[in-house]
Every structure is written in structure tokens, then in C-alpha cells.
Amino acid sequence: MSELELSAETGHAGLMEGSPYGIPSGKLAMWCFVLSDAVTFSALLFAYGYLRVGSPDWSTPFLFSPSIVNGLVMTFVLLSSGLTMLASVEAAKAGHTAAGTRWLWATCALGALFAVLHLLEWRRMIEEGWGLFRNPTGGSTEFGAAFFCVTGLHLLHVVGGVFALAIIALGFRRGKYNRIDVEVTGIYWHFVDLVWMFVFPLVYLMNAK
Amino acid sequence: MSEAAAHPAVHQHTAPTGFIRKYVFSVDHKVIGLQYYGLAIVAVVIGMALSWLMRLHLGWATLPIPGLEKLSPAGAPGNVMTPEYYLSLMTMHGTIMVFFVLTTAPFAGFGNYFLPIQVGAADMAFPRMNMMSFWVTFVAFLALMSAFFVPGGPPISGWTAYAPLSAVGQTSGPGEGWGQTMWAVSIAIFCVGQLLGSLNFIATTLDLRTRGMSLARLPLSTWAWFITSVIGLMAFAVLLPACILLILDRTAGTSFFLPSGLVFGDQMLPHSGGSPLLWQHLFWFFGHPEVYIAILPAIGIISHILPAFLRKPPLGPRVLVGCIASIGFLSYMVWGHHMFVSGMNPFSAILFSVPTLVITIPATIATLLWIGSVYGSRMQFTTAALFCLGFISVFTTGGLSGFFLAQPTIDTYLHATYFVVAHFHFVMAVAAIFGMFAGTYFWMPKMVGRMMNETLGKIHFWLTFVGVYCIFMPMHYIGLAGNVRRYAAFTDNFLVPLIPVHKFITIAALLTGAAQFLFLFNLIWTRFRGPKAADNPWGATSLEWSTTSPPPFDNFGGRQLVVHQEAYLYGVEGASADFIMQTSSETVEKP
Amino acid sequence: MGKTFTIVLVAITVVSAAFFIFHGQLLWLPEDVSVHGPGIDHQLMETMVGTGILFLLGQLVLCVFVWQSSGRKEGWKPRTFPGGPKPMVISAILAVGLEILALSFVGSKVWAGMYMNTPDSQALHIDVQAGQFAFYFRYAGPDSKFGELHPEKINQADGNFFGLDPRNDVAARDDVVTATMAIPVDRPIQLTMHSQDVIHSFYVRELRIHQDIVPGLMIPLHFTANKTGRFEIACTQLCGLGHYEMRAFLEVMPQDKFDAWLKQQESQ
Amino acid sequence: MKLRFVFTLVGVTLLGSALLVVGAPPAAGTIEGKVTYTGTPPKMKVIDMSKEPGCQKEQSARTEPVRYQTVVTGAGNSLQWVVVYVSAGPPSPATPAKQVVYDQKGCEYIPHVAVMQVDQPLEIVNSDQWAHNIHPMPKVNPEWNKSQPPGTPPITTKWDKPEFIPVKCNIHPWMHGYFVVLNSSHYSVTGSDGSFSLKGLAPGKYTITAWQEDFGSQSQEVTVAGNETKTLSFVYKVLPY
């Protein structure tokens, strides 16, 4: 028995006071988590900005190709995964389990693709000599540290999301999870999406040659 | 939809049988609450023992403390405490007390136990997540304790762990090895635990309130726990990445907090580009809200208990909620007042000083409301009530010294002196602990179904109340004299004359600490020998008193409570009794 | 019980206040020897009076109410405070609000006077190096030029605490490095402070000066001492095992004595 | 009969042992000499101990102000605190390794350079009324950093690998000394006159090395025959600053 279901519907047939926001606990909790996680990311990005401003020898190594192009492709992939997620939530709402599941898998696949592209990007950079405390261009080593930490945390969220999506997709088909769970996962996925919208310009575009 | 939606307030899982599921890995918020409370008790005993050792050393620096060498051969050769060991004790005392006592007991402990009951729910919104939050916190505690035993000894950089001292590692001296790393790991884990807890509190308060329990009817304690969890949600979210960056600096060779050109033992370190101030910004952005995470639940608890013994409604409960909320809100804009002398732009000091001073307005209002509530009452002076009054007193005392430290000009002189120590111990530590005591004496009958011994309780109160003033009041005076804190011994010419005062404080601390064993004894005695408690021994109104003591597994025995009343209807004219339970449908025309 | 509480709290309040009011020389701020100091002391005294009144009021009013409350007979009809919460809110906002306004206006002035003005051009420039666990001070010497700092050259074994390079750096050859900070009285002093390892703090009670020394930063600080004497410089930022032993001495002396002292230091 | 047998037995034994004693070759070779310098050595600054008033008082009682001891010179360009030791050569009868005592007095290390053999017990004493911290900074041996406030017992330790280990006290940054850990049991530290002497060397070819904390090491080869006394002199060329 899933806890999310515990209060799947608001109002509870008059047994409970309605939530002032009229949303189930699962969603509410996810929104809270998103809020808290957003603060975490802003803290990291603040640190990144703080160090960037503080380093006179900050290096901006990203060439248009391959880095920026790759980044753009990743952005496109992640954005389209947002759309498929949306589709799956809509389908779930409308009660089309099969369709919802298909869209979930699509999102899952796109997420995985994003992760793969990201890891390839990482490998290229590491081969170039970048690292948490290494800078082949001789500039401030903070760049590598900040880059790998920020993108690493985001990548962690993406990978976690991919697994969550897979689990939900399997359970949703078998009726183990309901549309609320799909929506909750959706909230998370869109958040991961949104974070990238900050990470990409701040970490990639701002550090383009 | 399943049964779930039909009767959400009723437990989804039947009461577990078998010790493990029932008492260890229990999903029952009451058991989890007790586990948190127990953890806090263990932690507070350890923390107090550490403070005893510290005080002894401050009074008599070269005094051998028998057996201390057994505890730490490196830290106390020949039973004489080394300065580095003093600093480790101080660091561990601060960390244990702030994180595992002040955050754990009044917030997670009582909150877990009573928040669902007070809103009329059968359990938290996410019982399993709730269980996880405790066990994660427990692991964090173990991680911290392990720092005592790892090579290199426990950390010495204080509970604020200022970089670079906390980030460069062994080379900066003893206590900066594995101990410091374990500290950072422990705090990072703790953040996760608190996050899970906060999510639960928020969801439960907003979604699981039983019928008729509108937000306006929530007890003040629930309000405080709710607001606290909102604060915690965002505060710990900043400490988490900060700790991760610190761990990376210590283990992965990054230099987030380490500038270039650091020289230890005539050797220059390879680090470059980092900023020690970055750590201070991240830490205090968490650190100041954390202070309120410690104190707000206590405020809620005593605001909830006081009316029950005043036998009259509290003065302006909604105003009080407003105060708590605004304190919580402001707590995010004032972190810089910890950094007045840190080398920030002097202009920002003024920016941070104003909101800090503004916080005193809601705090003052709250205090006046409590005092005003006492007016015109016929009070029942139970131990719980006495601790509430004590709380008002120490909170006032501690709050007022904040006026000094909030002003950069005065802080220039008083920063990092014992004046600061006195301030935060009064307003945060002692006040929060008083809240915890009040809660214990008030709620223990409900939690274990037995009454605590009032006589012991009152003795405990008098000794503690007088004791804390004897300990912390003198710290103001030596603070004014410029007595620097975090000194292992006082060898400076201008500090030597102050040592007698420290001896006095030490003696007071030992006695006050000893008095706490009365409390521990009382707890244990109550659990096993205490007289059975009635369902509503205090004649209180909120929902926790509408069920048996202790409550059944699903809190209300399958009943679906319906709330008809405000939270604190005491001494209502024309009512059948001198109080009206929230659940009673009795209607009295308001005078 | 209520009466006991009243008595105890009154006692506590009176005794606590008494120590503030009838403070001896020992438990109070030391004599102030700086030009900006009186501003701080004045500010502190104002706050002391304001909070002192609030302290006495708060505790004693609580006592009065508790005393009354404890005397009441069975069957007493509770009364609410006249006017309810309103007077509380208003009085708090007025009393505290005004206090705050006053304090922050005056305070900001004093603060600005200390930190937001440029040091006198005639100021004597002293370079301060903090490290585990001692302060060292550097005077520019006859050429009134400071030698460059080379952290990698720091070698405490033969007293090169600043990392000077006299072999290649002429300006460094006549720099005077001392462990005591001597300054002429009534002359503006400008400090440039830097730390070689962890955060330290420069605290002189009598000067009412307190400033963290953060590694990686050059932290400026200026003041003028207007009384002669020997004072203690303490580190107030936890810096490791020897934190409590980290100190130096400040000697404020007349100009002529100072010149003599500097000469004597150069000779060594 | 029996009695005579016993007597002869005793006699034979005595005679035999006497012969053995005579037959043992004496290994009393000695190498002695002086360590000097040419050029102008850096001028050692006077130590300013004002941070620790106690130490300052003790030191001001002295006639000669205390200076840094990186380079200590004496009459006739002699160099003090130079360690001269056998870095290679035939095994000589080892001298028993008794405890080396390293004292902290008046914020000075006494001696400035303490020489010891691998695994030889080392005792660190604090004779002052205030705290010191002992911070040896080795590269091959494990580094440690302990404080020794008044009232604590002496620290006893040992080093298990040969190394020149700088020692410092962070509480009194001017306090600086050396633990010189050697494999050889034959070593000597030059006194104020720069002289050293290595006694009890078995005959054979030796490499003698001199080590000075600032100027480093230099070696010479010497052959010792019988119980002669060889003289040897080391000269360091030094530059100002």
C-alpha cells in the first residue's frame, strides 16, 4: 500500500479538512522537496559565482564545437523529455494507462540519452586533463571543481530520475502506482529540467571562449 | 480509490507484532518521537559531560582529572587536558548540543509524537519516510561519535568549522584528521534526515488535519513545528552542499575554501583560488535559521502549555503565530551579523544589522504576550508551568543581550567574547532546554501513561533555574571585560584576574549538571513506578487529551475526531467545565 | 510556589542588575585609548541603559503578575489583559522600534566613522602577519618601502616570518620585523593585515578594535591611539591548538621614544 | 688426587681465559677534527620573545642576546651544531643506545640538534611553566604534533627510519631544532669550537659525512688502521643572506 495513496484525493469525503492548496500529500511533499532542492542548487551556483568572481585567472575553455554544440543537443534532449513527460501525465490523467506508460518510457529513454551524452562530455574533458583540482590551461583550478560539482549533482538527479521513471512506468502499467504518482514524478522531472536551464547558461555559455 | 481515501485518518497498516517492527524499525510516529527523544537524552548527557570537563579545565587548567587519560591517552597525558583536547571537547559539545539535542528534542521528538495527534491524524503522512528520517539521524549521530575514536582525534575547529582550519587537514595541527571529516559527513547525513522529517511535518499539517481542524484552530505548538519545518527545509538544504564541498576539500584535493599561498610548517600548500569567507556565508545562511529551528519549537511548546495552567486563553494566539512566522522569515536575512568582523564589506554590516534588530520586535511582542497571559490568571504552579515561567525569564534575558551583538559597532568589542557565549546559551540553549523540560513534565503522562513526580520535578526546576543564572549571568560580565571565548586556558595578563569568576561558573555548572540527574531519575522512575495517568490529567483542551494515555497505535482507536472549538478555551464563562475540549460540541455564546 | 518563584526571580534580577550597575574595574570595559573608542562606549552604554530598563521591566512585571496570580482563591474568574494583545504589539513596536531606530542611526555613524573613511595620508603604515600562533609586525624601514611578500620563502626557523627575499629584493633588506607592535601616540596608524595559514583575529580591548585576518585577503584597518601604555593583542578566531597562547603586545609611546625604539630594532 | 685434578683444571681455565683476553685485537681507531666555513655566513637575527613574557624574562638575564641558530659560528670560522657521522664503513662495536633527552627551556630547544639512532628512545621534556607544542616535520617517518602544557608528563617516542627531522613549536614560532636519526652508532655534534671526534672505530675504510641544517651534507673517505687517530676537517663555502 503506497503512502502516496494514503491521501490520494483531497477532501477525503469530508473526513479531513481540505488542504489549503487542494493537493495530495505526495504532490505537496514533492513540491517541498523541489523547493529545498532548488535551494541546494542555488547554494552550489552561488558558490560557483562567488569563486568565479573571486578568481582573476578564471578560464573559459568551452569552444563552440564540440562543447557548446553538445550542450545544445543535451538541452534539446532534456527539453523534449519534458514534453514527453507532459504527454504521459496528460495520458495518465485521461486514464490511458498504456499511452501514459509509453510516454513514461520515452521520457526515461531521453533522460538516459542525456546522461550518456553528459558522461561522454565528461570523459572528453577528463581526457583533456580537466579534473576537480586540475586545469590544463593553467588557469584557476576552481573551474574544474565547480563544473564537476554542479553538473555532477545535476547528473545525479537525472540518473535518479531515470530510475524513478522506470520504476513508476513498470508499476503504473501493473496498477501498482496511480496517476498521482506519475504526476509527482513529473514534478520532479520538470524540476530537473528547469535546473538545467540555469546550469547550461551559467556553467557552459558563460564559460565559452 | 482504495480504502485509503475513504478513511485516511485511520492507520493503513495494522499494529505490528514482534519487538523489531514495534520498537526498533517502527513506522509509528509515537515510537519514532520517543526514539528521537531518547536520542536527545543520550546526546544531552554526553554533551553535558563534555561541558563538565571543559569547565573543570577552565577553572583549574593544570588539574589532573582522574581517568581522563583512559578516555583519551593522547588528549590527556597524565590526566591533564591538552589545549587541543579542550578544543575537541568544545567542538563536540557544540555540535552534539545544537544538532542532536536542541534540534532533536523539541522539534523532532515532541513534534513527531504530538503533531499528528494534535491535528487529529492517525499517523504522519509518510510513516516509512518518518522512520527513515530517524534512522538517518541516528547514523549521523554514530558518525559523529566515531570522531572520538578515529586516528587524529575529534575535530577542534568548533561547531562552525571555519575553513581553512577545518579544510586543510592534518597539517593544520591535531584534531584535523579523520575526526573533522567524520564531523562533516555526520552533519551532511543529519541534513538529509531533517529534510525527510520536515517534508513529513509539512504534509501532515496541511493535509491530515481532521474535520473541523481549520488552520486557525491548530494548537500553537503545531504551528511552531510547522513553521520550523518550513525553515529547516531551506536551511539544511544549504548546509548539505556546504558540507559536501568541505569533504571534497579535505579528501579530493579541491580548494573551494582554500586560498592560494597557505603556509604550514614553512611548507606552501598547492591549493589556490578558494575563499574562506564562502564557507562562512554558506554556513551562517544555514546557521542563523538553525538557531530558530532550535528555539521556535520551544516557543510553541510553552505557548501551548502555559494556558493549560493559567486556566485562561493565551493572549493573542494569532499574533503569536504571526511573530513566529516573521521571526522565521527574517532569519534568512541576517546571517551576516555573525560576520561583522570577518572582513566583509563594512557597508554590508549595516545592511545585516537592521533586520537583525528588527527581529527583536516580534520576539518582544511574543514575550509581552506571554507575560500578558499571566495577568489576571489563577495559575496552577506545576513543574511544567514553572518551566514555562522560567522559559519566559531566560528568553527575555538572552534576547536582550542580542541588542548588543546585533550592532556592528558594539559587536566590534564583544564579538567572540563570553558575552556571546552567555547570549546564545540563554536565548537558544537554556530556553530550548526549558521548553523541552516543560514539554516533558506536561506530556510524559500522555507518552508513557504515568504521572511524573512533582516534588522531584520542582526541586529539579529550582536548582536548574537558579543554576543557569549562576552559570551564564557572570559570562556577561567577563564578556564585557573582554574575556575571549574558545580559549583552552587563560594565560593572557588581562585574563588571569578573571579566573576566579571562571571557578565560580565551573562550580555552578557542576552543581546544575548534577541536578539534571534528578530529572533522569524522575524519567526512569516514572516509566516504571509512576502512578497511572488519567486521559486528561491537566484538564487541557487539545486533541492529544481526547485519547487514552498512552494513545493506541492509531491514536484514536479508529475514531474519526471532529473539531468544533478553538485550541485554548479555558475558563470560558457559562461553560459546563472551566475548559472546553476542541472535540466537544458544546456551544457557549462568546462574552 | 508562585510567591517563591517571584522572590527567586526578583533576587536573580536584582543581583544580576547590581553587577552591571556597581561593576568594579575588573568586570567592565578597560580604559579606552583610541580616538574612535568613545563612540563605541557611548553606543554600548546607551544600549546598556535601554536593555537594562527592558530587562528590569520584563522580569519584574512577570514577577508582579505571578505574585498576584498565586494569591488568588478557588473559583477566581480569569481576566484578560485590558485591551488584549493590541497594547502589547503597539508598545513593543514603539519602544523597541524607536530604540532600534536610534541605535542603528547613531551606530551606523560610528561604524562608518571607523571603517568607511580613508586613512590619513600621514598615517604610519604597519604590515601585520598572523600565523599559527603568533603575530609579527613589519615597518618599512629608512626607505619607507615594503619588500615584496613571497609565501614560499617563509622560514620561521631563521626568523623570515613574512617571506622576504633580501637577496634579490632591495626594498626588503631594511624592513624591520618585530614581535611587539610599537606605535607613536596620537598618530594615525594604518595596518595591512594578512594571515599565512588559517583565520586569525586582531583584538585589542583598549583600542576597541576587532578584525578577523582571513588568509588570501589583505585586510586594511586604521586607528589612532591617544594614550600611551602597554596593551595586549589577542587572537579571537579559533586557529588551532595554540589559539589561547596567540598574543602580542602593543606599545603606545611618544613619537621620540618610538623613533628610538625603531632605531634599536633596526640595529638587530 | 682428586684435589690436584681440580687445581689443574682451574689453572688451565685461568690460563686459557688470560690468553683469550690478550688475543682480542683492540679497535680504538679515532677520527677527530674541525668544521669551519669560508665566506660570510648570514647574520643570525636576535630572537624577539616578547610574545612569551616568561621566556623573555629568562633570556634577558643572559649577557649575550639569543639569536636564531640556523648557522652558529665560533672563533676561527668554526661551525657549531654540525653533525659528523659514519655514513659507510666496516661495522664497529655499537655503543649502547640509551635514552636521548630533548628539553624545552626558556623557549629554546636544548640541545638545538639532537642526534639519535634508529629506534633509540627519545624523551621530550617541558621545563617551562607554559605550554609548548612539539611538531616534528619528517618526510619518511610519520609526522605528529602534540602540545605539552605544564603538568603533563614527558613525551617518550622513537623514530624507526633514518632522517633529518626539523622540529618546531607553533606556539613559539622561533623555536626550531632538529632530530637527526641515524643508522650509524658513531656520530658526533660539533661544539662551539667546531670540533668533533668519532671514537672506537674498527680498522677499515670509512665514509665520514658532515651535515649542517642550512648548508647540507658533505662527505670524505678515511681509512683507519689499528688504533691510530686520524684528523679530518670539513669546510663549508657560504654566501651572505
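All chains are identified by letter, namely A, B, C and D, in their written order; residue positions are counted from 1 within each chain.
One rule holds in what follows: contacts are C-beta pairs under 8 Å (C-beta built on N, C-alpha and C of every residue); 3 or more make two chains touch, one makes a residue touch a chain.
In this text, all values refer to a predicted model and were calculated from it rather than measured experimentally.
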Query raised in the report: Which chain, with its centre taken as the mean C-alpha position, is closest to the global C-alpha centre?
Result: B
Query - Interchain centroid distance [CA atoms averaged], chain B/chain C, Å - result: 29
**Report entry** chain A and chain B, separation of their C-alpha mean positions in angstrom
**Finding:** 34
Query - Rounded Å distance between chain C and chain D, as computed from the means of their C-alpha atoms - result: 48
Report task. Would you kindly tell me how far, in whole Å, the mean C-alpha position of chain D lies from that of chain B? Result -> 58
Query - For chain D, residues that touch 2 or more chains besides their own - result: 130-131, 133, 145, 147, 166, 168, 170
Report task. Give me the residues of chain B that touch two or more other chains. Result -> 82-84, 173-174, 266, 274-275, 489, 491, 493
Query raised in the report: What chain pairs are in touch here?
Result: A-B, B-C, B-D, C-D
Query raised in the report: Okay, in this complex, where on chain C does chain D touch?
Result: 131-135, 156-159, 161, 166-167, 178-180, 240-242, 245-249, 268
Query - Interface residues, chain B side, partner chain A - complex - result: 1-2, 4-9, 12-13, 125-129, 195, 198-200, 202-204, 206-215, 233-234, 236-238, 240-242, 244-245, 248, 252-256, 272-275, 278, 281-282, 285, 560
Query raised in the report: Which of the residues in chain A end up touching chain B in this complex?
Result: 1, 3, 5-10, 12-17, 19-21, 24-25, 28-29, 32-33, 35-37, 39-40, 43-44, 46-47, 50-51, 54-55, 57, 132-133, 140-142, 145, 149, 153
Report task. Sort out for me which residues of chain D touch chain B in the complex. Result -> 53, 130-131, 133, 135, 137, 143, 145-153, 155, 166, 168, 170
**Report entry** chain B to chain D touching residues, read off their complex
**Finding:** 61-62, 64, 74, 77-78, 80, 82-84, 170, 173-174, 265-267, 489, 491, 493
